[in-house]
Structure formats: structure tokens, C-alpha cells
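Two complexes follow with chain A in common, the first pairing it with chain B and the second with chain C.
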Partner chain A sequence: MLMWKLAFRNIFRQRRRSILTALSMTGGYVLCVLSFSMTEGSYSNVIKIFTEDHTGDIQIHSEDYLTRPKIHKNIDDNAAVERVLNQSEFVRSYTKRVFSPGLAYAGNESTPVKIVGVDPDLESNTSRLADKVKQGVYFNNQPNDDGYFKAMIGVRAATSLQLNIGDELILISQGADGSIANDIYIIGAIVGSRSSWDSSTVYLPLNSAHDFLTLHGKSHQYALALNDSADVIAATQSIQAQLPAFSVSPWMVVEETFYKTMQADKEGNLFGLFIIVFIVFIGVLNTVLMSVLERTHEFGVLKAIGSRPATITVMILLETTLLAFLSVVVGILLAIPIIYWFANVGIAMPEPVDVGGIAFQHMKGEFSLQVFLLPMLFILSFAIVVAILPGIRAARVLPTEAMRG
Partner chain B sequence: MMLTYKLALRNIFRNTRRTILTVMLIGFSLAALILADAVTSGMIKVMVESVTKTISGEAQIHKKGFRENLDIDLYLENSSTIEGQLAADDRVKAYSPRVIAAGMISSSYNVSSGAVYGVDGEQEATVSKLKEAIVEGEYLSDSPTEILIGRPMAELLEIGLGDRIVITLAEADTGELSQALFRVSGVFFFGMREFDENFVFVNIDKAREVVNIRNASHEIALLFHDSDISATDTQAVLSELNQGDIEALDWRSLFPEITSVLEMSGFSSVIIGSILFLLASLGVINSMFMSIYERIYEFGVAKAIGTKPRQLLQLILFEGFLIALISCAFGIAVGGSLGLYYEINGIPLGEFEFAGVALSNAIPTVLSINQFTHFPIYVILLTLTATLYPARFAAKIVPSEALQKSL
Partner chain C sequence: MVKIQRLVLPLIFLFPGALCAESVPNNSATDVIKLIDDMEELYRGDASKAEITMRVETPYYKRSMKMESINLGTEKAFIRILSPKKERGVSTLKIDKEMWNYLPKINKVIKVPPSLMMGSWMGSDFTNDDLVKQTTLTEEYNLELAETDDTYIIDLTPRAQTVTVWGRIEYTISKADRIPLSQGFYDDKGDLIRSLVFKDPKMFQGRLIPSVMEMIPLNKEGHKTVIVYDALDFSPSGVNDSIFSLRNLRKRF
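Right after this comes the complex of A and B.
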């Protein structure tokens, strides 16, 4: 208790110096929190967007379909996969899909498109496809009276083909058996925006897509939404163990380029923060050394009346950490409104920027305990490191010499 | 003045350790600033060049509306007239006309959609890196069945040199389906995903035949002699070309994404820079105060024997100035040597892909004269401003109190 009292009093002996030192630590802390919150927030925001939008948390493919898609690398045992998925405690919902590139025609216009076959009901439970319908209505797997199925089309493809709801669309592609696939669809809905990833995509009902591509009910991909996205690694391992015949990939593998870029960017940021905090603590070291030097005489007296060297070191450590802690408290108070603003409003990018294949449109902060706690540990540990040297120095003071001056 | 100078010099070396720590504080801030700027400039250079030097050129000419959907009907009918104009213009370094069509690219094993570029081999080599990007086989040599294909697409289609590729696309104006057979003559790899996965290159005459446009093209890519795109000369060329339904745009307008990354990084550099400065100046104020506190008695004496407050203010400011000078020398030495080292060796950033540009190789930093003139000047001005507060404090010292305190 005496130690705390002493440390506290010592801090306030040189008020201006303590305040200036504290301010620099507060500045360093706020900067760390801000940067940490922005990177965490922006990335987790964009991860949430693309996993919920289309990739799902986990995908299941046959062989290496993920890296080298080919129409005949398909999942041939739907029952086995679905049994595992239905039983898994992690999985909230799943959807199955088929993919193929194709040419789309309407009138005199033509454009290459990505053809994606999805099960209308499963898809709307798993991805945001149903929410992205801008015009028209979400499709179903029933043909209309003339025997035509509905298709949904991305904005860019719709514009270049000059298509509206109810228009006819001719698709040409290659079937799994090597035949030329072609069929007529009716535009039921236009989805997404110009900048969305699926702006050149045509969505077909899964049953019709299976026939169109002669896939006989086999799909290329299962996309899974989990109950809790944080379980993604555990869930991947559990499902992979039960389905050894297929490739189970978490989103980190599905969007590998993005994930690696994110890791590299986070490391870079951490390094930058380290440099700034390092600079801040040169100043702190200066202060601590100064205050130890000033008090050489006192330490001499303390030792002469029987204080142990360790006690003196601990006192210096305590002083510095206490000051750092006070700075962090002030920093938290300052950072809360800033981070709150960044978490709720954020900065919109003038143009979406492609980061490893994922469009970044919004820089957002994260408002969470770890955002405040980790930089705090960062600052406090730096404070301890910086105080050790002057602390040992103070402990080594020889009473006779110190009191002579 | 001479006396002030002498005094200041002696004062800052009275407590060498403190001065060294202060110099380190300011110097490292300056070095961090120089390095941060050098790294950002390096990344910007790589990004801009990956756009302008890889394929796109520094500017492009299109029919208005072509860029939105790559509409094959919007071709430049008078392409040869424009080309003649460009050939005669001595501000233009190189240009290359292109026929661009979106289509399906199929091998016997697989099919992919992509963009077919019809280019003139010789002219293209002056504008883009296509020729240098060939990793297997040969560059275009005017033979009609030649096709160059990106490595990832070749892997996807499971084909190699000499294998057949069929391209299916729609003819201009009529929309009729048109198919043509090619044999893979070369494989390229730019290291830019969008190009490597989606583009194939054929000879322009063959492309014109397949798309059925004579002498026309969809795009003309340009390089200028002056690579500063905002130069008045360069902009003049573009505005001369911008006529009627023809648009000539520089890369800043063609790739707003890159422009916005540049703006963002400029913005964040300013923020980081000012915070760094603020933190450094707190340290300076602190250190100056400590040195003044130690000398309160002396200042009291100095004042008692008739030194004017202005003189004391000058003295402290001069000390600050000297510290700033030494710090700048230190910072320039540290920042400059690290910058030079990384200019040669590059900073390894891990695998990075930003705005469609893969930055997997180490990025060389770019040092510029500004970093070594402007930044140190800012640092000196800032240190002086920070010193003003302790200096005023010293000037206001009341001799009677100061002399008493220290007794």
C-alpha cells in the first residue's frame, strides 16, 4: 500500500512532465486503437459481406474444382453429403450450385456470362440472393405454362443485352457430355448492381440447370452457412473427417488471395504501430531516466534506512506502469466516441477497391473489447520494458555516494 | 548572438544522454516519415506502372460508351485516321490499335469466357509488356492462327503450345455468331489476375476478319514521351483527340479505382505524419522543460544580472534549433540508408493483391529529393514551435523566486 501511495505521489510531483509524458502515451494508444479497430472492422465487415452474400462460410467440392473448375468434377453422392450436413451441429443451412461459362443472346446482342444454377429455396436460406432482386420477383423451380424456366440476370449483362423482365434469353454452353447446350429462358428478375461480383451472371433454377448442362442431378458445389462463423475451422475439420471423398474448404481457402492479402496487410499495420509506439517510448524512457536521476539523493536515503534494491525497482516500475495506465484510461475515454463513429458510420471509399478479388467499399471500425484491450497490453508492456533499466539503475545507487551530493 | 550560439551549444551537451534520447525521438520520427513515404511511393509506382506499362497504356481512345459493356458495335470507324494523327504527333511515344471482343474460348477439354484482343504484334510491343510477358512459345508473328493465352487460362483449359482453341463470338453490327480456330503459339503471364485469367491475344487482321470490321478498331492505347500524365502537353493531346463521340482518357479516368487508392494513401500518410509529429513534439516539449527545470537557478541568476527575457527566449529556441538540426542529420542518415537499402533489395510484403495488382515480389522503395528537403524543414519548424512553450516559460522566470527555490 505504501508503495502505491509513493508511486502515485511521485507521478504528481512533476505535474507538467507527467502530463506531457502521459499525453504522448495517450496519443500512441489512441492511434493503436484506431488503426487496430479500422483494420479489424473493415476486414471483418467485408468478410461478413462476402460470406453471407455468396461464398458461405464453407464450401464443398469434388477434387480440385475450386482451383481448376471443370464441368465433370461434380459431387456424385448428394445423399451422403446432405446426411452429414443435416446432422452437423455447426451447419445452419446449405445450398448446392452448378457453374458453367456460357454465351447469352437476346435479339441482336450477345455477351459472355457466368451461368450459375441454384436451388431457389436452399439458396434463399443460405445466401443473400433473394435480397438482391432489384426488379421482378425471385425465381422458383417451376416452368411457366409454355414450359420455359425463369432466369435471373446480373445488371451488367442485362444492360448489354438490353433485357427487361419477361424478355426471352437464349443461353449457349457446353454440356457435361460434350454436347452443345442451348435453351430459352424468361427473365424473371434482375439482381445486384453494376459493381456487384455477379453483374455478368445468369442464375438458373437448379433442376433446369442440371438438365441444361446434362449433369443428371449432380452439383459442383455445396455452400454452407454456419450457426456461428467463428467455428469455421472446427466445422471444416469435422465435416472433412466425415466426407473424406470430397474437398471441404473454409472461406480462407475459397478466397485465398484475399486472405493472404489481409494477413500481409495486418502484419504490415502491426509493424507500423510498433514503430510509432517505439518512438513514443523513447520519449517515455527520457522522462523515466530523468526522474530517476533527479531523485538519486532520495534513493540513497531510502537505501540507507533499509529499503531493499528490489523495492526501489518495483517502485519505479509501478510509477511508470501507473502513469501508462492513467494515459490508457484517458485514451479509452477519447477513443470511445471516435471508434463508435467509425464503427457506425465509417468512411465510404470514392470507388470500390479490389483487395485480393474482394471489393472494398467501406472502411469501418470495430467496436469491441479486444480493440481496446490489445493496444492497452501493448502500451503497458512497453512501459514495463522501458522502466526496467532506470529501475535497476535506481536500485544500484550506493547510499554513501548518493547522499554526498 | 555569438554568445547565445556558444551557450546553446554547450547547454545541449551538458546532459548528453537526454540530448541523445531527444535526438533519437525526433530523428526516428523523421526516419519513419521518410521511409513511410518511400514505401508508399514505391507501392504507388508499382501499381501505376502495372496499369500503364502492362497493357493499358497511359491513355486510351474509344468510342463513347464502349468501356461500359465492351459493346462490339461501338468501334472507331476512322481508326486509321486517328492512327495517322498519332504517328505525326511528336508528343506521343507509341500507340497500338486493338480490336476487343468478349467471347467464349473453348478447348477440347473445357470452356471459359474471356476477352479476345486483336493486336498488331509490332506496335503492341511498343506500348505493352505483352512480348516480355511470354513465358512459353513465341510472340505474335502475323500468322493468322496464332493465339497467345494467359497461364491460368491455359491451365483451366488444359492446353499447351500447339493445341487447338475455338473462339466463339458475335460479329459487330449483325450479332451473327462467328467461330474461329486458333493454335496456341504462346503463353503469357503478367502477374495480374484480371489479364492472366481472362485475356487472349490474336493478330489484329484475323480479329477484324472474325468480328467483321474493316480497318476499324475498338481501342487505341497510347504512351507519351512525358510520363507525367498531368503535364499540359499530354493533356493537350487528349483534348485534341476528344471530339464528337470519341473519348480519349488518361489512366486516372480509366482506372478510378487506382486513383482512389492513391487518394486514400495520400490521405492516410498525412494523418499518420501529423500524429507522428504531434507525438514527437510532446517529447520535445517534455525534454526541453526538463532541461529548463534543471537550470532554473541559472536562469534566475542570468536574469538578476540583467539578461532580457527575449535573450533567454532566443537561447532556448536556439537550443531547440540545434537539437532539430542534429536530429535531422540523424534521421536523414537512418531513413536514407534504410531507404537506399530497400531501394535495391525491395521490401518483402508477403503475398499482396491490391486493386487487381498482385504485389508478390519485394517492392523497392522510391526515394525522392522531397523526402530529404521538405520533411527535415517541417521537422525543424515543428521542433521550434514545440520549443516555444518551454522557451516562454524560461523567459518569464522571476529571479527572486528562482533563486529562492533552489536554495
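Right after this comes the complex of A and C.
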């Protein structure tokens, strides 16, 4: 207790110097929190966009379909998968899909497309597909009176084929049995925007896509939306344990390239913060060294009356850490309103940015415990590191020499 | 791959008449070019009509199709799938080196582009190219004849300017029956890549012809295409140029 008291008093002995030092640490802290909140915020936004838009939080495939898709690598036991998913406490909803590259014809135009078969009802509960319909109406599982199924098409493909709602679309692909898959569909809706990831995709109702590709009811993918996206790892492990025959992948694996880029970017960002804090703490180091030098005489006295060297080191550490902690507390008080505004209102962008067909008006930060805690740990650990050297110096003081000076 | 397969399909698939080798000279050991030329001359026989069953086996699926094949000379061929129902009416027309597929469900004729020539024909181990190319083996390959007691073995190695994926083709012909027994396709390293085996010789209108062909790609484990001749008619009625037209290709049947 005495140590705390001493440390506290020592801080306020040189009030002006302490306040200036504290200010630089507060500034460093607020800067860290801001930058951290912004990266976390914009990345969680992007993650939210694509997991909600199409990837889901978790995907289930057969074998290595994810990295080497082949039409015959399909999930042959729908019942088992759906039983597990229906019982899982993590899963909010799921959808199943088939994929195949194909060639689309309309009139005299043709273009390569990605054919995706989805169950209309499951899909609208799991992904944003239904919200992305720009023209026409969301499709269903039923053929029309002439026996043709409805298809939905991405904007880019629709434009290059000059297709409108109600037009005929001819699709050609290869069936799972090696046959030439070919059929006519009616355009029921145009989805997304030109920059959507699925602007060259044709969506078919799942039952029709199964027939088209001769897949006999087997699907390539289950995409899962979770009740809480934060549980993604636990949910993946739980479902994988119950479905050992299939590959269960969280979005970090599905969007591996993005995930790795994000990790690298975050690391880079952290390094940037490290440099800022480093510079701040060179100043702090200077302050601590100065105060130790000024008090050489005192340390000599302390040692002469029997203080152990370790006590002196701990005191210096305590002083610096305490100062750092106070700065952080002030920093938190300053940062809370800023981050709160940043997370809820955000910086309005001069032009909305279109991400996968969804327009973003504001750049937003993240308001969470870790946004405040991590920079705090950063500052406190730096404070300790910086104080060690002067602390040791103070502890090594020889009483005779110190008092003589 | 291209040029060699010319041997394969024209031989068996499109021009089955050619398989009977009555005119192969008995002293062919002395003139291997003439042996092959003679066989090719035979392949350019008159018109023929065949009913064929093609079975495709892969590790992932098995599939069987019945089809009708009509040929006129080497240049023209018309193939129509009779079953299964899902693919009934899918047709292929070949005129010289061009090829079209007709898909009745979407009523569309699709010309097979050069980029798809090496693609599989109807999901089989034969390529589109196998159907289209004409054989000029004697021009593009150096031929070397070896003989065993009952077979001729002709070793074909590509000439310097020949564009091919094969390093060597080994073509075995039965001496007694004058019918092909097998063709082996080797790559540059001397590994066997594709093997075509002729089996079950049967008499079709007085000609002995292997009624079963098995194409086995050795670089694709578990893959096999078997073609069985169910019927073969060397003097079909009504086979004329009008069959080999885009208009006929498009005709519903």
C-alpha cells in the first residue's frame, strides 16, 4: 500500500511533466482505438455482407468440392445432413444448392454463365437472393402451364443476352452422367446489379436443376445461417463431428483468400499502431529516465535506510504503469463518444460504394469491448517495458555515490 | 491425338464396312504402306447403316445409349441417339471436317467449335475429333511392319512435321481374318495412354467384323467406353446426300 501511495505521490510531484506525458499516451490510445474500431468495423461489415448474401456462415460439401469442384462430388445423403441441421442448436436456417458452368443462349446471343440451382423457399430464408430481385418476381418450384420452369438471371448476363422478363432462355451444360444437359427456361426475374458477384449467374429452381444436370436429387452444397455468427467455429466443429462423411467449412475456409487478406491487413494495421505507440513511448521513456535521474539522491537515501533494489524497481514500474492507466482511463472517456458516433452514424461517403449489389452510404466503426481493451493492453505493456530499464538503473544506484552527488 | 484417332473411328465406328480386309495383299509384309492404304480404301466403302449400343463407364456413373449411325463415304456421317428417352433425338452430323450437334429439346443446332474438338463426344471416351478427322496415317506417320505367326503389327511413328500428341501407335491386325485386333496409343515417353481393343468378330452380311470395341484411357482410372454393333447394313436403302444436311439434322423424329 505504501508503494502505491509513493508511486501516486511521485506522479504528482512533477505535475506539468506528468500531464504532458499522460496526454501523449492518451493520444496514442485514442488513435489506436479509432484505427482498430475502423478496421474491425469495416471488416465485420464486409463479412456480414457476403455471409448473409450468399456464402452463409458455414458450408457443407462432399470431399474437396470446395477447392476442386466436380459435378459428381455431391452430397448423397440429404436426409442425414438435414437431420443434423434441424437438430443443431446453432443453425437458424439452411439451403441446398447445385452448381455447374453452362452456356446460355437467347435469340442469336450466347454467353457463358454459372448455373446455380437453389431451393426457392430455403434460399429466401438463408441468403439475400429474394431481396436482390430488381425486376420481375422471385421464382418458385412450379413449372408454368407450358411446362417451363422460371429462371432468374444476373444483370450482366441478362444484358449481354438482351433478355427481359418473360423471355426464353436456353441453357446447355454437361450432365452428371456425361449427357448434354439442355433445356429452355423462362426469365422470371433479374437479380443484383452489374457489380454483383452473381451478375453472370443463372438461378434455377432446385428440382429443375437436378433434372437438368441428371443429379437425381443430390446437391453440391448446404449453406447454413447461424443464430449467432460468432459461434461459427463451435458450430462447425459440432456439425463436423456429427457428419464425419462430409466437409464442413466455416466462412473463413470458404472465403479463404479474403480471410487471409484480411488477416494480413489486420496484422499490417497492428504493426502501424505498434510504430505509433513506439514513438509515443520514446517520449515516455525520456520522461521516466529524467525523473529517475532527478531522484538519484532520493534513491541513494532509500537504499541507505534499507530499501531492497527490487522495491525501487517495482516503484518505478508502478509509477509509469499508473500514469499509463490514468491516461487510458481519460482516453476511454474521450473515445467512447467518438466510437459510438462512428459505429452508429459513421462517416458519410461522397458516393455510395456498391458491394455485391448492396449500396453502402457510410463507413462505420465497431463498438465493442475488444476495440477498447486491446489498445489498452498495448499501452500498459509498453509502459511496463519502458519502465524496466530506468527501474533497474535506479535500483543499481550506490548509496554512497548517490548521496555524495 | 487427333490424327491417330482418325484411324479409330473411321475404322470402326463410322465406316464399319472398311473393317473387312479382303483386299489386303497376302504379301503385305513387303509393302506396309499398301496394307494400310488398302484398308483405308476399304473404309471408304459405300454407304452403311448401323445400330450401335454405346456403354460409357466411369467411377461416377454408367450410361448406355442406343444409336443409329448412317455413313456415306468417309466424308459424311449422321448419328442419332434412339435411347434413353431423355436423350432421344440428339443427333450429330459430320460433313468433312465440320461437325454439328442437334438438341431437339431446345430445337437448336450447335456447331462444334474447334476448341471443343478434343472434348468428349456424348460423354464417352471418344472425342469429337475422333469422329471428324480423316485418316492420313500413311502421310503423317512412318510405318514399320512386324509379323508374328498370326498378326501383323504396324508401328506408326509420327514424322517430324506431324502435329500429334502421340509418340507412337501400335496397330495390330489379324492375319487370318484380316481384321484389326487392337490399337495402342503411346505418348512421347513410351507409356501406353489409350488402348482400343476389337473383340467378338461377327458376320455382318457376309463380312467378318469385330462387333465390339473397347476404348480404355489408361490415364483415367475406371473409365471405359464400349461400342457394340447390334446390326450393320452395307447396302442400306435411301441413303443419299439429303440425309447429311442441316435441314435433316433439324428434322423432328
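Assume the second predicted complex is superposed on the first by the 329 of 405 C-alpha atoms of A that agree within 3 Å, B and C clash if a C-alpha of one lies under 4 Å from a C-alpha of the other, contacts with A are read in each partner's own complex, and residues count from 1 in each chain.
By definition in this document, a contact is a pair of C-beta atoms (placed from the backbone, for glycine too) under 8 Å apart; a residue touches a chain by one contact, two chains touch by 3 or more.
None of the values given here were measured: they were computed from a predicted structure.
Asks: So if we stack both complexes on chain A, do chain B and chain C clash, or do they fit?
Replies: clash
Asks: Is A:182 contacted by the first partner chain B, the second partner chain C, both or neither?
Replies: second
Asks: I'd like to know which partner A:112 touches here: chain B for first, chain C for second, both or neither.
Replies: first
Asks: State whether A:297 touches chain B only (first), chain C only (second), both chains, or neither.
Replies: A:297: touches no partner chain.
Asks: Figure out whether A:9 sits in contact with chain B (first) or chain C (second), or with both, or with neither.
Replies: It touches nothing on chain B or chain C.
Asks: Who contacts more of chain A, chain B or chain C?
Replies: B
Asks: According to the stated criteria, A:159 is in contact with first (chain B), second (chain C), both, or neither; which is it?
Replies: Touch status of A:159: first partner only.
Asks: Once the structures are superposed on A, label A:174 by its partner contacts, choosing first (chain B), second (chain C), both or neither.
Replies: The answer is both, since A:174 touches chain B and chain C.
Asks: Please work out whether A:48 is in contact with chain B alone, chain C alone, both, or neither, and reply first, second, both or neither.
Replies: After superposition on chain A, A:48 lies in contact with neither partner.
Asks: Mind checking 19-27, 55-63, 91-99 or 109-117? I need the stretch of chain C that runs into chain B in the superposition.
Replies: 109-117
Asks: If I apply the document's touch criterion, which positions on chain A are contacted by chain B in one structure and by chain C in the other?
Replies: In chain A, residues 105, 172, 174 are touched by chain B and also by chain C.
Asks: Give every residue of chain B touching chain A within the complex, in rising order.
Replies: Within the complex, chain B touches chain A at residues 17-18, 21-22, 24-25, 28-29, 32, 36, 68-71, 102-104, 106, 109-114, 155-156, 168-170, 174-175, 177, 193, 256-257, 259-261, 263-264, 272, 275-276, 278-280, 282-283, 285-287, 289-290, 293, 349-356, 358.
Asks: Considering only the defined contacts, which chain C positions touch chain A in the complex?
Replies: Touching chain A: residues 56, 58, 60-61, 63, 86-87, 90, 101, 103, 105-106, 108, 110, 120, 122-124 of chain C.
Asks: In their complex, what parts of chain A are in touch with chain B?
Replies: 14, 16-17, 20-21, 23-24, 27-28, 31, 68-71, 100-103, 105, 107-114, 156, 159-160, 172-174, 257-258, 260-261, 263-265, 267-268, 272, 275-276, 278-280, 282-283, 285-287, 289-290, 349-357
Asks: What part of chain A is in contact with chain C in the complex they form?
Replies: 72, 105, 170, 172, 174-180, 182-184, 214
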